[in-house]
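Two complexes come next, and they have one chain in common, chain A, joined by chain B in the first and chain C in the second.
For the complex of A and B:
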């Protein structure tokens, strides 16, 4: 006998064409973000090319290196972001000491009137890996100074936890070093960071292609931040669209309850319980 | 033949673009007044002068090849005429450009670009690293790949600007005003001249704005015209090669060094030019970090760079636009018709030196009242409409 069907397709559970609209927004510091893709701007070929890519990405939050772009220059990136009403997350890229990072954050707060900052303190030019000690020092100072700190960090669960305890608004572990496009080198650590975190976890850096972003979301990250993978792609707008879909797909999959991985095959239509036709 | 011979044109801006336009228009029998407080002192003074449509190809900017290839073709003739008129050299060299990769990812990215160039019918030849180093023995051993763009040449922008000034100075129909123009004058919807910083005015039949970034700040531009010019600063170095190391190179070498771009351009006098950064941080001085990065990357490709004498470090802003393409030609006024008497030639960004002969010919033809030799509608200065203005 066939099992009796329970009611299906209630409006609450139906998946629309644009699942992004159904999802609960990511809320940081009281700001609700419907897109879980955060875009960087470094390496963009042109302002128009960047505008097109940002449009296709659907992003609502974009990070800009304060050491590379001056908000005072007309016709610049900032005007574009303003026009598109995309929120700016200034970052401290290019800073090697806690002191430089704190000063850059303060300048950004003054220039852009935001207390949000993506804190990036780099250990060396060759790897661009975060310097854990300087990062912790800078995070502590900035939190005390009233900043909402988005801490770019190593894929180190202990360090991520420490940053959270110091009061950062979000932890942003790297998938791989900046600009490498190597994907997520230690998925286990990312999962561990997510499992312990009480603040949003944003996978930041190392993303190469769409599947990397989907994986980040499947691992439970709250959002993905990337720049190079789009801005240096041969067709940035197309790649941005791919990432929009990938982040949505990964987010849906993470909430859909994946099947366990099995050693042996299991037929999708089992022989048992088949109706006699 | 010119439809309107003997007109008076004011060229605002004496960089390589303005000078080339002035000379071409003067040659065609127009009377020229060039207005610039410091001719050839801006981006022209900094530029390396690579004429490189092939190796400067960027993805999603393939349409610019219309302009860059056409102008590269105009170069030999333009240079011949200019050299004859001025009686001085312009440093034009047709020795080709080598493009080199340093790590495996650089090789991959150059290989991808090579495919795109080939698809577009551009001439780019793959070299083995050994043959590349036989051609340029000063290249370091850590190259991973190399290509040769034989059609990418070079000129010395300072020498070319000087030759243009010499050629112009000898003409009775040429006047130079060492002054800054602050605005354009209009009457009845037509542009009739310019206003100078000291308040005096100069009238003319045609005004050409070739003043780079300053074009956007001119008073009296047609209503609604938005010129989204922004400064993209470039640090660039000039070095002397000691006798023992000459020639350091026999052709221009561009390289991708761990994802970063650097080029080394050898001049006929034995010096080399190393460039260039692209900064939008609003800082007009030479960047220490920029100089460091250029030297570091150049030395990675050519170890002997460390033995050179650093002669000059300078920085100038390039006039960038939102789509990296120039603002070229006429623009519409409020009535939807092209504003008479006004021409724009700015926003050349990385391509100013390469596009100078093309800008010169187009603008001179428009001053003539003739139909331009090529269609540049897509580069109209009025293509950017302020969002919200509609």
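For the complex of A and C:
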């Protein structure tokens, strides 16, 4: 079972090992995740490079895709994830209809013995943007079938709210289209989604570099999911470490209460007692 | 008989339970209940004519001429 390394019954409430954060874990479906960085496995050219990057990222949850069985693939990936005790979140990448996505989720549940699924229903190959109608349809079916649905969605507050009402475990709005590395194109919408969500919000897709992930956390997101920003970076392990720090930094800043933005300057040194020179 | 497995044409004996096909494709021995005999994770799932078939039903499902079978596993992605 994939859940073998988590405690059953009451949720794990360990505090972060990192003394800087003293943070609560992100709890989804009774599972406590101390790392708020979800690193996908997509795009890595070698399993060794991926292992190093996963290690540096500190992630406890990673995505995989479901594809036709071939003797060459898969085995080494699972040994790696088991060894690092990283939980698996299967996705429905490549699905264009609710029917395909629901079947893919069911196959993943059979193959991997998990009822967690990252629901991804794509409108077309050029934009890879979610198809809202098919997404809502699939989410409804999967929730009814007992899945914990992590819904990859547009940065649309109305749609995110609708998905939450359907009973998804987490909403995952995109920062920008998959693989673009354009960052967070509509921070205001992400903030709106966060402000009224009662389920975890995971910023998913579009992340290019560390500051994008920090911004996502500053906007109030509960976690960040990324893959190619690390796996296709020139130095994946180094970039993974950068993201680990960025997510922690953004999370700390979000809770620390930033100063308001002002139109004019405000001196930090008092004018009182200034010598007359 | 002629069947399609993972998009490829395949000739098969006239009597072929789904469990036997999974054994042939994956090279793993399976118990009657579809669990790997060596106790290690199998990590595959099967759709038969666009219906997901739980492993407990693999042994009892006889494949027929013209059937379409998809055998999937997890790979890197997303």
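Throughout what follows, the second predicted complex is superposed on the first by the 243 of 277 C-alpha atoms of A that agree within 3 Å, B and C clash if a C-alpha of one lies under 4 Å from a C-alpha of the other, contacts with A are read in each partner's own complex, and residues count from 1 in each chain.
Convention: contacts are C-beta pairs under 8 Å (C-beta built on N, C-alpha and C of every residue); 3 or more make two chains touch, one makes a residue touch a chain.
Fair warning: this is a prediction, and the values are worked out from it, not measured in the lab.
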*Once the structures are superposed on A, label A:235 by its partner contacts, choosing first (chain B), second (chain C), both or neither.*
first
*Based on the superposed arrangement, let me know which partner A:149 touches: chain B (first), chain C (second), both, or neither?*
neither
*Is A:77 touching the first partner chain B, the second partner chain C, both, or neither of them?*
both
*Which partner, once the models are overlaid, touches more of chain A's residues, chain C or chain B?*
C
*Is A:41 touching the first partner chain B, the second partner chain C, both, or neither of them?*
second
*asked:* Just checking: does A:172 make contact with chain B only, chain C only, both, or neither of them? Give me first, second, both or neither.
replied: neither
*So, A:69: does it touch chain B (first), chain C (second), both, or neither?*
both
*Kindly classify A:117 by the partners it touches after superposition: chain B alone (first), chain C alone (second), both, or neither?*
neither
*Identify the partner contact of A:49: answer first if only chain B is touched, second if only chain C is, both if each is, neither if none is.*
first
*asked:* Let me check the overlay on chain A: which residues of chain A are in contact with chain B and also with chain C?
replied: 67-70, 73-74, 77
*Would you pull the chain B residues touching chain A in the complex into a rising list?*
58-61, 112, 116, 216, 228-231, 259, 279-283, 320-324, 387-388
*Inside the complex, what are the residues of chain A that reach chain C?*
40-44, 50, 63-71, 73-74, 77-78, 88, 90-91, 93, 103, 106-112, 118, 120, 227
*Footprint of chain A on chain C - complex, ascending*: 6-7, 25-27, 41-47, 50, 52, 54-55, 70-78
*How about chain A: which of its residues touch chain B in the complex?*
45-49, 51, 67-70, 72-77, 80, 83, 179, 234-236
